[in-house]
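Chain lettering (A, B, C, D, E and F) follows the sequence in which the chains are written, and residue indices restart at 1 in each chain.
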Amino acid sequence: MPTVLVVNVNTSPAVTDVIAAAARAAVSAATRVVALTPRFGPASVESNYESHLSAVGVLDAVQHHQGEFDAVVHAGFGEVGREALQDVLSVPVVDITEAAAHTACLLGRSFGVVTSLDRTAPAIHDRLLLAGLAGRCAGIGSVDLPVLDLETDPGVTAKAFVEQGRRLVEAGAEVVVLGCAGLSGLHGAVAAELEVPVVDGVAAAARTAESLVALGLSTSKVRSYAPPRPKPVRGWPFPNLG
Amino acid sequence: MPTVLVVNVNTSPAVTDVIAAAARAAVSAATRVVALTPRFGPASVESNYESHLSAVGVLDAVQHHQGEFDAVVHAGFGEVGREALQDVLSVPVVDITEAAAHTACLLGRSFGVVTSLDRTAPAIHDRLLLAGLAGRCAGIGSVDLPVLDLETDPGVTAKAFVEQGRRLVEAGAEVVVLGCAGLSGLHGAVAAELEVPVVDGVAAAARTAESLVALGLSTSKVRSYAPPRPKPVRGWPFPNLG
Amino acid sequence: MPTVLVVNVNTSPAVTDVIAAAARAAVSAATRVVALTPRFGPASVESNYESHLSAVGVLDAVQHHQGEFDAVVHAGFGEVGREALQDVLSVPVVDITEAAAHTACLLGRSFGVVTSLDRTAPAIHDRLLLAGLAGRCAGIGSVDLPVLDLETDPGVTAKAFVEQGRRLVEAGAEVVVLGCAGLSGLHGAVAAELEVPVVDGVAAAARTAESLVALGLSTSKVRSYAPPRPKPVRGWPFPNLG
Amino acid sequence: MPTVLVVNVNTSPAVTDVIAAAARAAVSAATRVVALTPRFGPASVESNYESHLSAVGVLDAVQHHQGEFDAVVHAGFGEVGREALQDVLSVPVVDITEAAAHTACLLGRSFGVVTSLDRTAPAIHDRLLLAGLAGRCAGIGSVDLPVLDLETDPGVTAKAFVEQGRRLVEAGAEVVVLGCAGLSGLHGAVAAELEVPVVDGVAAAARTAESLVALGLSTSKVRSYAPPRPKPVRGWPFPNLG
Amino acid sequence: MPTVLVVNVNTSPAVTDVIAAAARAAVSAATRVVALTPRFGPASVESNYESHLSAVGVLDAVQHHQGEFDAVVHAGFGEVGREALQDVLSVPVVDITEAAAHTACLLGRSFGVVTSLDRTAPAIHDRLLLAGLAGRCAGIGSVDLPVLDLETDPGVTAKAFVEQGRRLVEAGAEVVVLGCAGLSGLHGAVAAELEVPVVDGVAAAARTAESLVALGLSTSKVRSYAPPRPKPVRGWPFPNLG
Amino acid sequence: MPTVLVVNVNTSPAVTDVIAAAARAAVSAATRVVALTPRFGPASVESNYESHLSAVGVLDAVQHHQGEFDAVVHAGFGEVGREALQDVLSVPVVDITEAAAHTACLLGRSFGVVTSLDRTAPAIHDRLLLAGLAGRCAGIGSVDLPVLDLETDPGVTAKAFVEQGRRLVEAGAEVVVLGCAGLSGLHGAVAAELEVPVVDGVAAAARTAESLVALGLSTSKVRSYAPPRPKPVRGWPFPNLG
């Protein structure tokens, strides 16, 4: 039975639960989802600073993990770190930002993203630029709520999301992407309200990871993601890293 | 049981068989693949002219098809027509060029494409440009064999493919894409020879189509792919079209 | 006497008449314009589906045409099919979208397009992307009228056009393009109202076609538009195609 | 009778003669071509420095010109100055670089340029970038001869041109552009040798200028090319400028 | 003691004084700033026409200048001419548009520009396009005042600038650039009002020029900016040019 | 006396020494350079994995640093982490990749980069893409030596560098950039051999940092680089981080 590790980028177990549920609902019954919370790092990731801290927390979580796995989902929207995982793993690694964007491109000519706080929009845009898909993004809106407040009143969050989604549709988006792993739980509620497809990156990434395993495909190792050369690591405090 | 229609763009049943086998091997046991050959059109598609003719053959094949289906794979590499199918269908439509490119982007930073004849490379590049992924394509090579000769001597074709693939890897490609549906049968042989992942668009598209169905996602209908407005069609010779 | 074939993409003779008049007014007295209506296809082209159907209607019309000609104008704005004609013809083929955009670029730094229905804007944008000129397009507006209603009340259409044109000028357009062959008849009326040059694609394309003939230039045949290789065509219902 | 002013950018009358002949052969019998040589400036333009000097020589030549005219051709390949002319004239201004590139785009998917000296290639590329057409340029080669030596031994020049043109075709160019006004005289010789269309910018620009006049189109005056505001000019030595 | 020549593009000494003060305040005490006013040319530069005239005035001013210098600042925002200076000088040449944009990119992810008249915005955008930095520009606003009126009522100008700056920040700009050399005097006033960094191109360019001298770096001479080849110049009225 | 912190990204003090020397030689006598080596992390950074680990080492080094400072130089070529520093600091942060590229753009139309190992080229390209400057990069070569071997035989390294530099100049580069902080010590040796300007990122960044301080400019705090919101950090092992 293939196993997909789904790694939260923050250290809030409640968010991990939301992510796990979304991933499990997305894959087939034949695939096992194991959700990980990093052992250290910020409670939520909403800045470049936290994003870079989280990247090592995610690396640690994966390298510390006991047990086999066949693919990894990097469950942070617009965060750095996917490339680092690819270097050290032989199994495929799927970033939820990229999975969401690639999926959205199959459903409409342009997509919009609704994220938590506006300040994270530039980092999301950077990820889309590197993926080549920024030109297909009609805009990035936000519900203007911190990640850890998204679940406080799901009705309020959903309403704000739908409003932003509609604004993006007016601006040309034909698909709307949930731009934060913490929004995954809202997928059903907001999809029911919006007249366009709504893509959850966690679901898209989990399913894509399962598909890559089934197709026998994994990360190319010839250049960008070749294994790091062995070398001394000084003073690294995490036994599983470095 | 979900059904994925996989439509060949040419009218050669032997090519349809190759495509069907690749698609069946890619999807899970729970999904049924139905492969269609257009009732009319060119025996192979290697030019813009044939590509445009094939687009209506594909439309006819799908609209003429008796029986339910849950997704469609447009199995022509670098051909036009995917958008037309999206207009008239409510189920998702996946083009093999796009599925291959999106998949390759998850496996490496740059990919190369090896197609049949060099003359089809510009049309492939156009599709990648529209997808936003041309910037991630390190080059398009060709085995310099017409589509219908690809299977004549699979060993020769595979050798030419591997040679072109290596050239593209030297030029920066980290993944190689089979740039012609008729090459699908070679996937195993060439993947064994190349040190980088080899992506078959038919397999990628079939699996992606199955995934979209599982995720409950389909084409956005708000703008680009809204259903055509009802209107008179003059003199159209195909009962199922127009 | 050089002859320019101007091919309507829809099967409405009234639209062909509008196109023919615009083309005739654009070329010199020494050039003959022959306007064709496809023998089959949709009465108007406002979707990807209709665009792909129309492409074979246009091919049939040109290949069925009795009599010599020196150039072809593909008179559908934002439609597919120009490349197919180029493959099978040795004379130059000019698409009205491209002729309009290239001409507009000589008159101002940015241009806007006003089309019939907003749903056709993405396809127009795709054609501009492939041409390389999307970056010079300040926006695409629409009069929100189906093609066949454009002539119902020309005053209303012209007023809507002028309004949209002004909006685009405010957004940075320095030239406005008539984004639908069916709008050609309005050129005089709207040009009189707008303070910027107004380019009619039919006129621009007809004149450009005449110029290419005079300069002895035609489509390159070395790669993208090389003649299709001879091959069997199965079951094609159009004697002149395939 | 419409008059097209064709302005050489250098002060070598022999080059003006070549340009005049190319322009006259390109326009219809109904159009008069008047070729101008600037009263001051470098004997040939092969650097940014000379290009900027030539821009005021061209402005002076046009503003000093006695007699009516209906359009202007700026006959320097890859030179600056077209925008300045547009500001002060109400008639259309066509740059030969841009006319050549737009024309080449109608004949093939990619074009190559062969210029005089390699050092001028970057300036040509800049003009194509601003036009939006750099993405359609497969490369810029050079015959490695100064402008004033191009006519010394036309056979040698033509041979070098054909060699460079073939190299560009191998690199993907489907059309070759004469990348220097001084090469116009070679059009026939090199077109006979190359298997792709060869575009002369002077001919293309002259014909395009004539067409714009016939279509009643001229430069937009709303923003980029609005007439300069009246203001004092200090110490300007040219009575016709400033 | 290193000397930086700072050349105004217009012939208004009052503007030169503003520029000189900004440059002097920006460089270290160890560097001497010499500000030049061209001997001829327009009193202000607000059009393409004036920009091209000014380019030769700037060339003349620099070539006519008696005394050694180590770097040149081309103090016109969005004007042509920097490349011409680079051809004929061996010392570094820094354009204020480019220095401002490069500097702004180090301070924020996107920047906005506020210029004098809206009509100059397209030329500024062209310079950013050639620099590669247009994608990082969130917009170009204007205070809607001619260059020579900017100092008439500095309070009014500053207020208009702040208003436009705020509009650009709302549109995504994280840094605001003073888009006209004549605005340099306002730097303090507007920086105090805006909550984002405000970059003055004259200050940035002068400091950058000083830095290049200190680093021993100057213009590359191998291709784009190689010295012009010696050749006759006909009738050039400026003894120091040509 | 202004202080510039220059932070090595690896934990090899010998490399820090090279970087410190380059930075000290670049700034004026009035500026103090303090070079830091991270307390933990890889001995050299040559992969995405090491790059992400190094980012937290750099953050720790800066946050742990006792004493005032006015600017920070992030001395890793093509590494991640600059944005994280910008979030938590109020002083300017300059990445050597970006400083080198911006500086190179002032010296020539295109630049090339020579790095240590080819596998790091894609990460460098990503940084240039995000900066907007990838279009001005003519290529990225490598000396094919690990970072820690660059100093083993400086003559061999310099020779390999010069060879790659020449190859890039032939490919269109007019400036060559030292694409690894560990190459800084070679600047003099390779600059003497190459006929184009050679830019050392450490020198360029240190000087740029000093300039930003002098100009009173620092990171914009309104969006991308706003301070992180206070929040719990779980299990973070570094007292100075989180």
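Heads up, the rule we're going with is that a contact is a pair of C-beta atoms (placed from the backbone, for glycine too) under 8 Å apart; a residue touches a chain by one contact, two chains touch by 3 or more.
Because the structure is a prediction, the values reported are computed rather than measured.
**Student:** Would you kindly give the rotation angle relating chain A to chain E, two copies of one sequence, based on a CA superposition and rounded to a multiple of 5 degrees?
**Tutor:** Rotation angle between the two copies comes out at 120 degrees.
**Student:** Which one, D-E, A-B or A-F, has the same contacts as C-D for more than half of its contact pairs?
**Tutor:** A-B
**Student:** List the interface residue numbers of chain E and of chain F, divide the shared ones by all numbers used, and answer same when the ratio is over half, different when under half.
**Tutor:** Copies use mostly the same positions to touch.
**Student:** Based on the averaged CA atom positions, which chain is farthest from chain F?
**Tutor:** C
**Student:** What whole-Å value do you get for the distance between chain B and chain C if each is reduced to the mean of its CA atoms?
**Tutor:** Spacing between the chain centres: roughly 29 Å.
**Student:** Between chain C and chain E, what is the gap in Å from one C-alpha centre to the other?
**Tutor:** 44
**Student:** Where does chain D touch two or more other chains at once, residue-wise?
**Tutor:** Residues 109, 122, 223-225 of chain D each touch two or more of the other chains.
**Student:** Touching chain D in the complex: which residues of chain E?
**Tutor:** 11, 38-44, 46-53, 55-56, 59, 80-81, 83-84, 86-88, 118-119, 121-123, 126, 129-130, 146, 148, 223-229, 231-238, 241-242
**Student:** Residues of chain D touching chain C in their complex?
**Tutor:** 26, 28, 30, 92, 94, 98-99, 102-103, 105-109, 131-136, 169, 172, 174-175, 195-197, 199, 203-204, 207-208, 210-212, 214-215, 217-225
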